[in-house]
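Consider the two complexes below, in which subunit A is the common component and subunit B and subunit C are the respective partners.
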Partner chain A sequence: GNKQVSGVSSQGCQGGCQTCSVYNGCLTCKPKLFIHLERDGMRQIGVCLASCPNGFYGTRSPDRNDCIKCGSECDSCFNRNFCLRCRAGSYLHKGKCMESCPDGLVPSDTKKECV
Partner chain B sequence: HGSPGAAVPVKQCPSACQCEEDGILLLVDCSEQGLSSVPTDLSPLTSYLDLSMNNISEIQPNAFRNLHFLSELRLSGNHLRHIPGPMLQGLYNLKVLMLQNNQLERLPSEDPWELPNLLSLRLDANLIMEVPARTLSGMRSLRHLWLDDNALTEIPVSALNDLSSLQAMTLALNRITLIPDYAFRNLSNLVVLHLHNNMIRTLGQNCFEGLHSLETLELNFNDLQEFPVAIRTLAKLQELGFHNNNIKAIPERAFVGNPLLQTIHFYENPIQFVGRSAFQFLPKLHTLSLNGATEIREFPDLKGTTSLQVLTLTRAGLTSLPYDLCHLLPKLKVLELSHNVIEELPSFYHCTSLQEIGLQHNLIKQIEMNTFQQLGSLRSLDLSWNSINSIHPDAFFSLQSLIKLDLTGNRLSNLPMTGLTSLTHLKLKGNMALSRSFGLEDFPNIRVIEMPYAYQCCVFGGCSSYRSASQWEEQMGSEEEDFQKKSPSLFPIHTDNNYDLDLEEFQLAIEESKLQTSIQCTPIPGPFKPCDNLFD
Partner chain C sequence: PRATITVKLLKQESTGRPITLEGLFVRGSEGKAQGKLMQSHPLSLCNTSEDERQESIFISIVKLESPESKVPQCQPLLDKARLALQRGAQAVIFDISDDPSAAQELRDGSSLADPVVLVTSSDADELMGLVNKNEEAMVYIDIMIDSPTWPHYDV
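Let's turn to the complex of A and B:
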């Protein structure tokens, strides 16, 4: 049911929410969705997503799926140490963002990679 | 909606979607619109199409036939059960395909998806039980593959053989029980491999052969019975995790093939035996945590492992420490050796970066002058529950950063005061022969203090006039309760691997800001614990 525990309810929750609260949005998500905490001023609002937003990657475990921040130089990543797309100014090579490419490779601005 | 295949104005945006121009191309977002099918009036200049979180259970044939510029297609969070090969025909420029959070049970085998430029394929959070041999044969450029949170019972060895460009893959959260020899034979470019949360019990001796570029391997939360010796071929490995398994021993020279290892997480294993040479020649390793390996009698031989910053070796049978410990480990910041049977200490003189020492629950009797000399960064020293009966007068002389000292449960009759002025936390409870009185000037920064006797607290509690017990208890009781609720454990010695100095400082700052005004001294004097020193 949607027992009210200090404002927590499962009724009227948005999208993929399992439980939510008026103040903090989603508290838990439906199975297999990732919970992502967005900042809204001083508040943190939980949202449930099938894929984490840019700058975050998803970690799955039996009881919870979270969006975790990528490394600072990374626009999109597979995990904390493996980047999929780099921020402007650096080039991707085997999951790493580099300002200059290893020997034998040259930076491609269109692909943002060492090629 | 027009009929499929009918000419569509170049830049038209389907009604339920939002579009944005990207040069001559179009970014189309139709997510969370309650759609039950793919819009038929998609512009041929669509380069990004997001159909995620809708109710699409089937894709009409030719739905994407004209989208030759499509680079990213998101179909995650729908109800798709099966996507035959022809459905994705014509997507020659597709680089990212997201199919996670659907109900896919089977992947096409006879008529595989032809996606020659695909780089990232997300199939996680579906119901996939197997990956047929030819399924991935049309995706030779694939670099990133998510197959986690499915129902796989074995490694899709044949299917993976075609993916020599693969760099990152997760097969976590499946039902895999075995990794056969040469399972990843052609994956010479794989950098990251996640296999956590499966039921892996057996590893082939050569199961990781071919993974020449692997840097991260996660085997956490499986059922491994033995140390994964197959890792010996992973010369580039930097991060290894096999915590939460059932491994009882770490053999001699366990990581001889992995000189680049920086982190090894293996807590939550019933490890009893550790070969003395197990952790040799790991020059980049910065954290080593061994808890409860009761068969360890001797300190490990850490030759060539010179960058350790956190060493935790608790609940074992250590009787002594190497005299040249600090020559071997000059970068040590945290040394946690509680619950052993250490009797004598070497000099930690060269461990100048040491910030935290935990030696509680050992058999130490004496502290020499040079034991803790020159440890200018030492902040926390826990010597509680030993048999210390003497401390050299200058033992703490150079410890200008020391703020926490725990000598609970020893045999002290005196305490050298030199060097203790920066203390904020001091614990002396249980030293029943330590009856002298102290003064506020001895500890100008003290916040929390535990004394052997109540009268020793009077000078800190400001008890100039006698207060009735109830009044006293009431006032101190509420403060003590308040203190217990808020404060973390006074000596938060970290025994797991992700020790974080900033977090502890942050907690300490919170506590200090609240405790600015009062000094918490126990035991609290009262009617049966008077303020006068009964020994005078």
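Let's turn to the complex of A and C:
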């Protein structure tokens, strides 16, 4: 059965959790899921997701799959060094978010890219 | 070296009575600190996790889970404490109620720049209870002065 060990259990956990606890939320996820650390005021709890939310990208390793935050000016990314969509005020060029575009290109506010 | 942990709820800062708790400094890290209480998930202090900047001056509290929970350790607790301090925490509080072995792992804090305090049982429950209810609180850490024991005089 689902043995309750000092507050840690797999019973009563949010959907994708393998183990969870009252204070930390998810501690480990079921296979293939990503653990995302959500900030809710003072609290920071783990949740298990099939894919990472906007502003984060997924990394896989033998002992766990993490959601890692994109770079500071990036809204959506493939990994830490390759942005897919920049935040307002920045323009995407070759996977980077830039405040101004290189020579020969102009910023497009609609696309948020250097074109 | 024991620590006093004074907690003032932000919503009653002027009227409410502070809560006084106790903890144990990691040896070599004794000192004063104050800040808003903010929880850090144990996995948030791995090298891979993101650098979550806080706006306010804060003190991190980390609830350590029992070894059976199989939370990936990712790095030693001393390095986790150091990472939390590097990210701006004024101090780190570890709730070791469910992982007493952490005290052994955290026995020498001489390389730590700021206070790291271990709490257990009712003191830990009080702090984590506030976090769980999202009751914003200011925490003041100080070194406990042991009241001198007067020698017995035959008068």
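Methods note: the second predicted complex is superposed on the first by the 114 of 115 C-alpha atoms of A that agree within 3 Å, B and C clash if a C-alpha of one lies under 4 Å from a C-alpha of the other, contacts with A are read in each partner's own complex, and residues count from 1 in each chain.
Here, a contact is a pair of C-beta atoms (placed from the backbone, for glycine too) under 8 Å apart; a residue touches a chain by one contact, two chains touch by 3 or more.
Bear in mind the structure is a predicted one, so any value in this text is a computation, not a measurement.
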Subunit B or subunit C, by number of subunit A residues touched: C
Which of subunit B and subunit C A:S51 touches, first, second, both or neither: first
First (subunit B), second (subunit C), both or neither touched by A:F78: first
Touching partner for A:R39 - first (subunit B), second (subunit C), both, neither: second
Subunit B versus subunit C as contact partner of A:R60, first or second or both or neither: first
First, second, both or neither for A:S21, with subunit B first and subunit C second: second
First (subunit B), second (subunit C), both or neither touched by A:K94: first
List of subunit C residues in touch with subunit A within their complex: 36-44, 46, 48-52, 63, 65-66, 68-72, 95, 97-98, 128, 130-132, 134-137
In the complex, subunit A residues that touch subunit B: 15-16, 32-33, 50-51, 58, 60-62, 78-79, 81-82, 84, 94-95
List of subunit B residues in touch with subunit A within their complex: 32, 52-53, 74, 76-77, 98, 100-101, 120, 122, 124-125, 144, 148-149, 167-168, 170, 172-173, 189, 191-192, 194, 197, 213, 215-216, 239
Contact set on subunit A toward subunit C in their complex: 5-8, 18-19, 21-25, 27-28, 35, 37, 39-46, 56, 59, 63-64, 66, 68-69
